[in-house]
Each structure stands twice: as C-alpha cells, then as structure tokens.
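Shared chain: chain A. Partners: chain B in the first complex, chain C in the second.
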Partner chain A sequence: MQNKTLPDKAAHKPGERAPVILNVENLKTQFKTNQGLVKAVDGISFSVHEGEVFGIVGESGSGKSITNLSILRLVPVPPGRYAQGHIHFKDKDLLNVREEEIRMVRGGSISMIFQDPLTSLNPLLKISIQIEEALLQHHKMSKKQARQTAVELLRAVGIPDAERRMDDYPHQFSGGMRQRVMIAMAIGCNPEILIADEPTTALDVTIQAQILELIKSLSDTRRMAVILVTHDLGVVAGTCNTVAVMYAGRIVEQASVDELFANPLHPYTKGLLASVPRIDAAKKRLYSIPGAPPNLIDLPEGCAFAPRCEKATPLCTRAYPPETCSFVHADALGEPRNPAEDKMPVFDDRHVVRCWLYSEGSNL
Partner chain B sequence: MFARILKNPIAVIGLCIIVLYMGIIIVSQFWLPFDPLEMETINMLQPPSVKSGHLLGTDEFGRDILSRIMGGTGISFLIAVAATALGGAIGTFMGVWSGFLGGAWDRWIMRIADVLFSFPSLLLAIFVMAVLGEHTYNVIIAIAIGYIPQFARISRGAILSIKNNEFVRASFASGARKSYILTHHLLPNIMMPLIVQSSLSLSVAILLESALSFLGLGVQPPNPSWGNMLSSSRKVMILAPWTAFYPGLAIVILVLGFNLFGDGLRDIMDPRLRNIQ
Partner chain C sequence: MNERMPLLQVKNLSVHFPVEKGIVFRKRIGWLKAVDDITFDVYPGESVGLVGESGCGKSTTAMAIARLQEITKGEIVFSGRDLLKLSSEELRSARKDLQVIFQDPYSSLDPRMNAFDCIAEPLRVQALRGKKADRQSLSEPAVADKVYRLMDKVGLAKEYAQRYPHEFSGGQRQRIGIARALALSPQLVIADEPVSALDVSIQAQILNLMKDLQGEFGLTYLFIAHNLAVVSYFSDRIIVMYLGTIVEIASSEELYSAPLHPYSRALLSAVPIPDPPQERRRSRTILKGDVPSPLSTRMGCPFADRCPDAMPRCQNERPKLGTVKGITAEHQVACHLYD
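Now for the complex of A and B:
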C-alpha cells in the first residue's frame, strides 16, 4: 500500500491539476414506495477528473449503484425521481437534457459495465452482433467496418483468437472472458468516462486481478476516467486514485487513496478499514462494525451512522454534520508531499469528511 | 430445433396430420372428385360407396361430401392461420409494450384485455360478426379479437420475466432505443411461449370457425365449409349419419393435429421437460 506507484500519464505533466470532466452536485435520487420515500441518494457531490480512477465504496444499499445509474439517467422513473441536483458533464446538465441527447451520451461518452457478466450479455445473440450494436448505435459505419473494429476491441481486451471467437455465443465464454467482452463493448466508442459497477464481484480472485489490471491500463492508455464501484477495499487500494465512502445515500468521507488509508477520519471509514483482513497482523478475530445499515425509509434527522458509532454524542442524533474539508498533502508515512515532485497528476487534494468529531460546531 | 421436433413422436404425429391437410388443400385447388356445388337430386343422401364414386356419400342436395370437405379445407385453414396471425400480432404488440413500459400504459392495456377475456371467445366472435356482418373475412377479425388478450397476457408475462435482466440494462446503458431493445433483445427471448400458443390457437380457431359457420355466421352456403355442412346435416342426421360424421371427423383430426403439434412443441421448448422420458 505505502509504496503504491502509479504509471506515468503522458497526457499530464506531473503534479499538474487534471481538468474536471464530471461534476455531480447535490444529487438526490429518491424512490416512492408503499412504505414511504426511500432516499437512495441523499445529496451527494463529487467531481471526476480526466484520467482519474474514482472509487466509490460502501455497503450494499448505500446508494453506490443508484448514483451511477443516475449519472446516465437509467433509474426507472417512476418509481424513481431525481429530486434535486445537477450532473455537469461537458457543458450539459445530464439531468436536464432531452432523452435523445442522454441516449447519445450513454455508451458514447459515458459507458457502463455491470456486476454480473453472466447475465449482461444476451444469450441468444452472437457476441459480434452485441459489440457491433454498441458501435453502430453511435457511429456511422458499415457493418464490415464495425466488425473490423469489434475484432480490434476484442484483441484490446485480451481475448485470444479474437476473429474466430467473434461468432461465438455468450455461453461459450467463461465469466472473466465475458466481462472482457463487456469491457470491449463499453470502450468501443472511446468513452471519456467508464462506470464500472462492481465489475469483479462475480469473478474469482485471480480473474478479478486481471480485469482490474485491464481497466486500469485502458484508463491509462485512453485517458479515460473510471468510476469504480466496489465494496472491496483491496480493490480500491490497488486501483483507485480517489475514494469516496458512502453510507446511507451520502458521501461520509472522500480523499485520495493514500490519504484515506493512511489517515481515515470518519468512524465508519475506520471501521471499514479495521474489518479488512491483514496479512501482517495476527488478529484472532476480525473487527466488524456493530449493527446493520439503516433502513433508507424515514432516515433519522442526524448522522445515519450515529446508532452504530462508538463515538456518537447526543448532537450526532440531532443534526447532520456539515462538510469538513482539509487540504492534506501527506502520504502514508506522514511526510509532507510536494505536488510538483509527484509522479501523478493531482486530481483532488481535498480530504472531505462529514462528522461532528471534526466540525467546529461540535461544541454546540 | 427441427431435429428435436423429429425426436418427439407427439409433435411428429401432429406435424404429419397438418402436412396431410395441407396436401389436401393443394390437391383441391386442381382436382376434386366431384364439383362440390353441383346438386344431383337423384343421388341425394347416398351412403358412402366405392361403386357410385361418392366415397363419403352425398348430402341432402346430392352433393359429394368428400368434395365438399376437401373444398372446405382451404377456407378453414386460411381463416385459422390468418386469425391467429392477426390476433397474435396485435396481442403480442400490445403485450410487449405493456410489459416493457409498465405504469399507466400497462394498467390500461391489461384492463382492456381483462374485459375482452371476460367474454367467452365464441360469444365475442358472434358479437363481432353481428357488428361487422356475415362475410368470410369478418370471421378472421372476429376470431382474432378473441386472441388479442391471450397473446397480450402471455407476451406481457414473458417480457416482465426478462426485462430486468442485466443485458437489457446494459443495452440501455449503451444508448440503444427502446424499440431497438424490444425488437432485438426482448422479442427473440420470448418467441418460445408465443410459438406454442400460436399452434394451440390454430386448433381453437378451426373450432371457432366451424362453430360460426354452423350458426350461419361464417362461410355462407352454398360455399362448402365444415361448419355449415354440419349445420345442414342436422335435419337429416338420423337418416344419413354420414352427412354429419365425416365433416365432424375432418374437424376433429385437424384440431387433434394442431393440439398434438402444440403439445409437442411445448415439451420440446420447456427445458425442464427436455430430458424426461
């Protein structure tokens, strides 16, 4: 972890600030159900920079996937509803553009891969048809060109004997290979952002490493930003530049990956890190955060984590903590970091946390 | 697919019967033993005999029954196929959009289907015939309307079961249009139940057509149809049972053929039954 080196990016001078390409601002996505209003995403803001691998971690039901579906406006409406917020991509607000426009963004400038490669491909269609479909959707090209491009894509994602395998059906591929096919489909139109929603959850560990390596290298060679949703902190450590920790529909802490692992602030983040098995620590039992994630219907006024938090004060249950932001240039060893000497471009050097422990209002 | 049909004896028997009737239709276009419309009052109500050449006997006007059955096969088949195709197409169209879009669309389309469903199909067909008037082609419409809710229900259910599959979401995420997803990803995946339903609907259409003609609403005399042959034989049935027996047999065998084929198809396409002896 400590000596994580990131590959050089030709696109950026070291230490240069990478431009923001996606800016999510106070996004609220809600679902109307018979039991009440589910606030799946409750006012989150973040920015993704060019070439950045932005990780979103959190438990099941913390709103990770809904955040991503909201970016492409894929949340079914109704029962879903984009109650508030903006998603700025280039000069557009994706929540307010016409259906035709968002359709061109989907798969064109922003594409997505899903969790389960076994069901993400139509079992009745040859994979060639499915890859070409994505290409023809966004480009004017002949079938022949599309096929040629599709073969190149399959090669690019490391499928051996690509030309012959083009006419195979999904069931003739293994899980890892199918996820590669999905990635080939996703990068076909040279997207600026790739959203990967738990891309390795359904795969075994060795394949998982290969797929993550592939995503990472594609991100580097194509200067593509990646939003990587996962609940695996190991994946985050090895792949991401910036991490946002989500809890009950909100981002509770966000920092660069080195900063977050070295200096976690929010009790929830600390709990998550403590529950990761470590090879160098001889603990008998693994730590687990007591309690269970809250029901997203009728969330209490205060911090949603307060009922499970060891450091909770009466204030925590009364009001939601404001954002506390610090600019920390410290790496894992605590030495001050000079951005100009760093090998990687600077994406976001803020360390944001939402907890009363770090807020000036805590003595209220 | 075809090889699997050949391995299923039930489907093969059904298919043979259907092919046999199709052969009769083709032959009847070029050759019939007698003119089905020509009346020979001298020969009325002749019992079946090889000697007279009337293999299945004659009716009360002296018309050859075999010729009339053969002549009526084509129109029965045409009505059954056209009605199933029309009702199937409209019903499937409504059903897939209903299931795919959900919400208010779904509720309205399904309530309309429920209303249509609440009528027995024969009653519905009689009602439609009364509105449209007695004409052969109106029979097609009358039967087809009864089929719309059946196909709508089946296709809606099938769509609901697959529309949340990840490949559908993935296709949305790659920017595909709804109509594209529907025709390229969803429809091919629900073809199996629709094909089975079609083959079973064909047999019911044969019965409905016969029933309408029997009631005098379908194919109009003197043109031959199995239904109106049965109808006209009512008066002489005790005297000349063959006038009712053979047209009835023609209906029974064809309906049996379609049903066997449909059952066979269902067994073939249901993976749970595939490996059971």
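Now for the complex of A and C:
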C-alpha cells in the first residue's frame, strides 16, 4: 500500500515530446460587484506538460491567482462566474464536471499550496491529522497506514525528526517548515499537477532557496507538473521551464524561460525586466514603467497596457491585439534537467505575444 | 578612515525585551536580545543599507534610532547630540531632522486625514511649538504652498490633495508618506522597507523618486530592507545583520564582489538573479535549517550552527566586528575565519 501511494512516475524518455496534461482554453472568470463587472481573467489559454514547471508572472490584480483558483473551481460563485472557457484535464472539462468529481481532483490529482502557510493550516489540529485527512479522503487505507505514509511524506520534504514532529501544532513550526508541511500535504496523493501560488513570498530569501530547490526536485523525480505563480522574475529564471506574463487578466506573452528573458517582445515584459534591481548589475538608474496597473472594473476595449506603453498607437486603444506566434528552435523537448548542460529543458517551443507591434494587422 | 564627521553614530546599541511567563504572577524568564551591541556610523549624504532576514533586528534598530523604541543600552549620537540624553522637548526638535518612511503605506497614513493634511501635519506641529519667527513662516498659506510643492516633487497631482488614503493606490500612498517625511527638510531619513509592499513596476518608480530627492535635498538615508537586490541598488554601504548583531559592513560593490562573512555569502547566493543562464551557472550555498530563536542564549557566533565553515572556536567565542588585513578599512566583518 505504501509503495503504491508513493511511486515515482515512469521515467520519461528523452527526445520525446512530453504530453500535455492540462489545457486551459479561453478561460474567463468574472466577478459581479456593485461598481461593475470585474473581468479578473479575460480569455486566457495555456497548456501544461507533464514534468513542466510552468510559471505565471504578474503584478497584483493581474489575475494570476484567480486563474489557479479557477482550475480547481475554488472561486466563490456568486459573486464569481466562469463566463466562458474550458479546462481540460485528462478527458474531463473541470468546469463542467459534477461537484463530487471536482472534489476528488482537488488534493488528489491536482493539489495546491498557498502563499501563507500559517493561514492555510488549521491552528487547532496537529499536523498529523491534517496530513492524514487528505490521504484518508482519497485512498482506502487504515489510520495506521496513513500515519506511516504521513511520516514518510514529512521526511520526503526534509523535515528533520519527522516522527516526533507529527504531533506538533502548526505554530510550533517556523515559516519555512510550515511551507514544507503544506508541500507534504499537497504531494500526499501523488498529484499530477501541483499549483504553487506565491509559495515563497512570505519566506526569507535563504528559506526561499530551500523551498524552491525542494519543489524543483519533487517535480523532477515525480515527473509532476508545477504551476508556479510569482511576482519575482528571479524566482522564475531559476525555476520555470515556460513562463506566461499576465497583465490585467490576460496573458500578454508566453515563451520558454530562456527565450523570454533573452528576447522579450511585449513592451510590458521588457519594462518589467528592466525595472527589477539586480545584485549582479551596475547601479544604473532603474527603468520604471509609468503609471499604475489599471482598475479591472469595466476595462476599456483595446490593450490594457496601452495607457502605460511608450509605443502605443491609436490602434492599441481601439482593439485588443490578436495572438502572434513564432517558433523557437529547440532540438529536444521536455528532456529531464541536466545540471551539466547550460540549458533549461523546453516543453513548448512557441513564443506567443499579444501586441500590435508584432501583428500583421498593425498597418490597418 | 573617513575624514568627515558622521551624521549618525550608533554606539553599542542594545535593545532587549523581557520575556515573561504567567498570567497572574508574571515572572521574567529571560531576555530576547533583538539588537545586541551594534556599532556603526552614517556619514552625511550617503545611503546606508541595513539588510537581514526577518527577526535579525533591522527594524528594531531603525525604531531605536528614531527613539520610537526604548533602548536598553548604548548611545545614539545624531549631529553631535546624544539622542538618549535629550529631554522630551529637545527630542521633539531633534526629530525634525530625522524622519521615518514606513513599510506599510496602508497603515501608516491616518484614514481620516486627506493627503493635504497628512503632509501638512508635521509642518503644523512644528509651527505650533516653534519660535515666533517659525510660526510666522509656517502660517496656513505658507503651509499650503509648501504642501503643494512637496506633492509636485513626489509626483502627486495637486487635484489629489483633498482625497483620502483609501482613494490612492499603494504607490501613491507611499508617495504621500515620502512627502510627509520630507516636509520638515530632514537631514536623515530612515526608510523601513519602503518598497516591499509594492509591485515591481511601482517599486522602481519609488526607488528612483527617493534617489532623485536625495540629490535634490542632500538627504542621508538609512535604508532597511530584506531584499538584497533592492538594498544593493539603493545603498552606498551595506550593513548585514544576523540575530541582532552586525556580521559585515562593506560598500555595496565590495559586498557583492567579495563578501567575507559566510552568512553574507549564503545570503547573496540565495538572491535569485532574473537571468536564466546565469542563474543556472551559479553555485549555490543553500543554508540548512532556520534562523535560530533570538531567545536562546549563546556564547559563540550566532551563525555558528548554520555556518558551513564553523570551527570549534565559533561555538564558544563571539567574533568581534573588525577590519581584515589587505582589505579596505571600510570593510568590516565579524568572523573568526579572518582573525
């Protein structure tokens, strides 16, 4: 039983294209408020492959968290509403399955960890109870087996003295250790996708390095896909295979990590990259994007970034740009990480941008 | 060393909090040494960064310097006067030259005061208790004039003056906080995590604004942040703190190119660089374990338990902050490796 709950996924053959396991198609999640309609997620599409670390970057209010909550249908309805779109996972559309079915997906084949591990753990329950709960919910196992599996999980995420710490309460753990407990709970049922929503934002930088290392190694050994939401471009650079940049509810650019940083196309991505202070760079004045992110209530037609964009033309405020796609040459898609090689495996060789600068229609 | 007179001298500063137990019969069971015997200088016109992980005492240090926090021991000499020996009246006038920008632009502004009043308040307070000449120069029209000029300097339109804090975005609120801090033309501005609550694109705006204002008003900054990339961008010199003590002081270039203390090295290597190929090439020192509780009393180096280079001596003997042979005198480190 134990071996069955914690097997490593079958090794992926190099040179073979990793299969898509999650496909989000034209998702629109909206909220009705007294002030107007908030289009938190406004028609986004992306695919996540097996074993891929898929990064979603954006500022607050860009819709990155709502995207993830939508995948597991955790957006409160009402006031929320899934206005349009499909979320294909295996042969199901997660937006259309029955409540019981989505409950088996949550914490089962797709699990989630959150920014603040203290508020996501129940302060009144020992962590053993909290980890075992998910195991008992999704598997037929005895309490004794569940406890044993829970200890193994705690060991797997690097909690020293796991057996003894099982009966501690969340407040007895430090921030980094709490996040490890959350990860242990999340991987308990051997999920195919782990959604990590700003998992290191509340942590110190030395602890952040530990947690990111853990997430990377879990994704490698278990061929588990990870959707990593963050606002930190440095975290993206070191962890993700593919990156999607979100702005005002839409994906404005998506590419493999090396491509995106070496050759950013969208003015917002360029601005974002130039406005981060770097410890390795000379102290020249930072570029700063003028203005502030838009209010999502009743967004105007056209590109939401246009009011802050230096290259905006009248067309930008009239119509939203279509997707422009180019292909980046990559010889081996989805090969497991090789530390000797100075390359991040590429899972998706498309470079997608939504900007009139790169669109055929720009001379209309 | 430096020929100039320091603007601020912090000498052997300690801030200890009593730890009590019991509800009815409270007993002191120990001391939490939030800041433990730290010494450093800040020279006029420079930006000094104070960096460290949560619980290292950086904010307590800042609050102690502003005298917003009781001090256990030590001296804080600000432009020649020991702030700890001043009467409350003298302290108030000294505070004119020493202002603070706080981390959270949401809770540091009074929700019932509009932007104009927030910025005008320090001027009005000083006018009320100032000498007669001051009072005249800070009459209401003069205050209004000054407030509008400040708003213009920090990039807030005049039309926003009557708005309340909840009507502003985080970046705009921080601009109000900066204008308020600059209202009395201070010499030293203590900025306690001024950008950590802001989005990346707004963070760059505020950092640039603070730099511009430094040039224009000849400000000296004590800049506190946990983000090493932000601190090294902003500061001329950096003080690295760990568990209430200073482990290293160096110019920001030298700290990046040649960090001496094993903790500084680990901290630097943990900072992600937004450049994928470089990020993969870097060798990482990933520290094991967590920051120990500041409650535990230890004889030796506070970092000894997590240090990859720890020697038996580190457990028993606390290293002193000092210079190292062959390295510039401004670069100080507290580590037995360099004795």
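Keep this in mind: the second predicted complex is superposed on the first by the 332 of 364 C-alpha atoms of A that agree within 3 Å, B and C clash if a C-alpha of one lies under 4 Å from a C-alpha of the other, contacts with A are read in each partner's own complex, and residues count from 1 in each chain.
Just so it is clear, a residue touches a chain if its C-beta (ideal position, glycine included) is under 8 Å from a C-beta of that chain, and two chains touch if they have at least 3 such contacts.
As the structure is a computational prediction, the values presented were derived from the model and not from experiment.
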Chain C versus chain B on the shared chain A, clash or fit after superposition: fit
Residue contacts with chain A in the superposition, chain B compared against chain C: C
Partner chain(s) touched by A:T33 [first = chain B, second = chain C, both, neither]: neither
First (chain B), second (chain C), both or neither touched by A:N96: neither
Chain B versus chain C as contact partner of A:L233, first or second or both or neither: second
Chain B versus chain C as contact partner of A:D204, first or second or both or neither: second
Contacts of A:Q172 with chain B and chain C, given as first, second, both or neither: neither
Which of chain B and chain C A:N190 touches, first, second, both or neither: neither
First (chain B), second (chain C), both or neither touched by A:T221: neither
Nearest Cα pair across chain B and chain C, whole Å: 5
Residue ranges of chain A touching chain C (in the complex, touch as defined): 59-60, 174-177, 204-210, 213, 231-238, 257-258, 261-262, 271-273, 275-280, 283, 285-290, 292-293, 342, 344
Chain C - residues contacting chain A, complex: 53-54, 169, 171-172, 199-205, 207-208, 211, 226-230, 232-234, 252, 256, 266-281, 284, 286-287, 290-291
In the complex with chain B, residue positions of chain A that touch it: 72, 74, 78, 103-108, 111-116, 119-125, 133-134, 137-138, 182, 185-186
Chain A-touching residues of chain B, taken from the complex the two chains share: 103, 165-167, 169-177, 184-185, 188-189
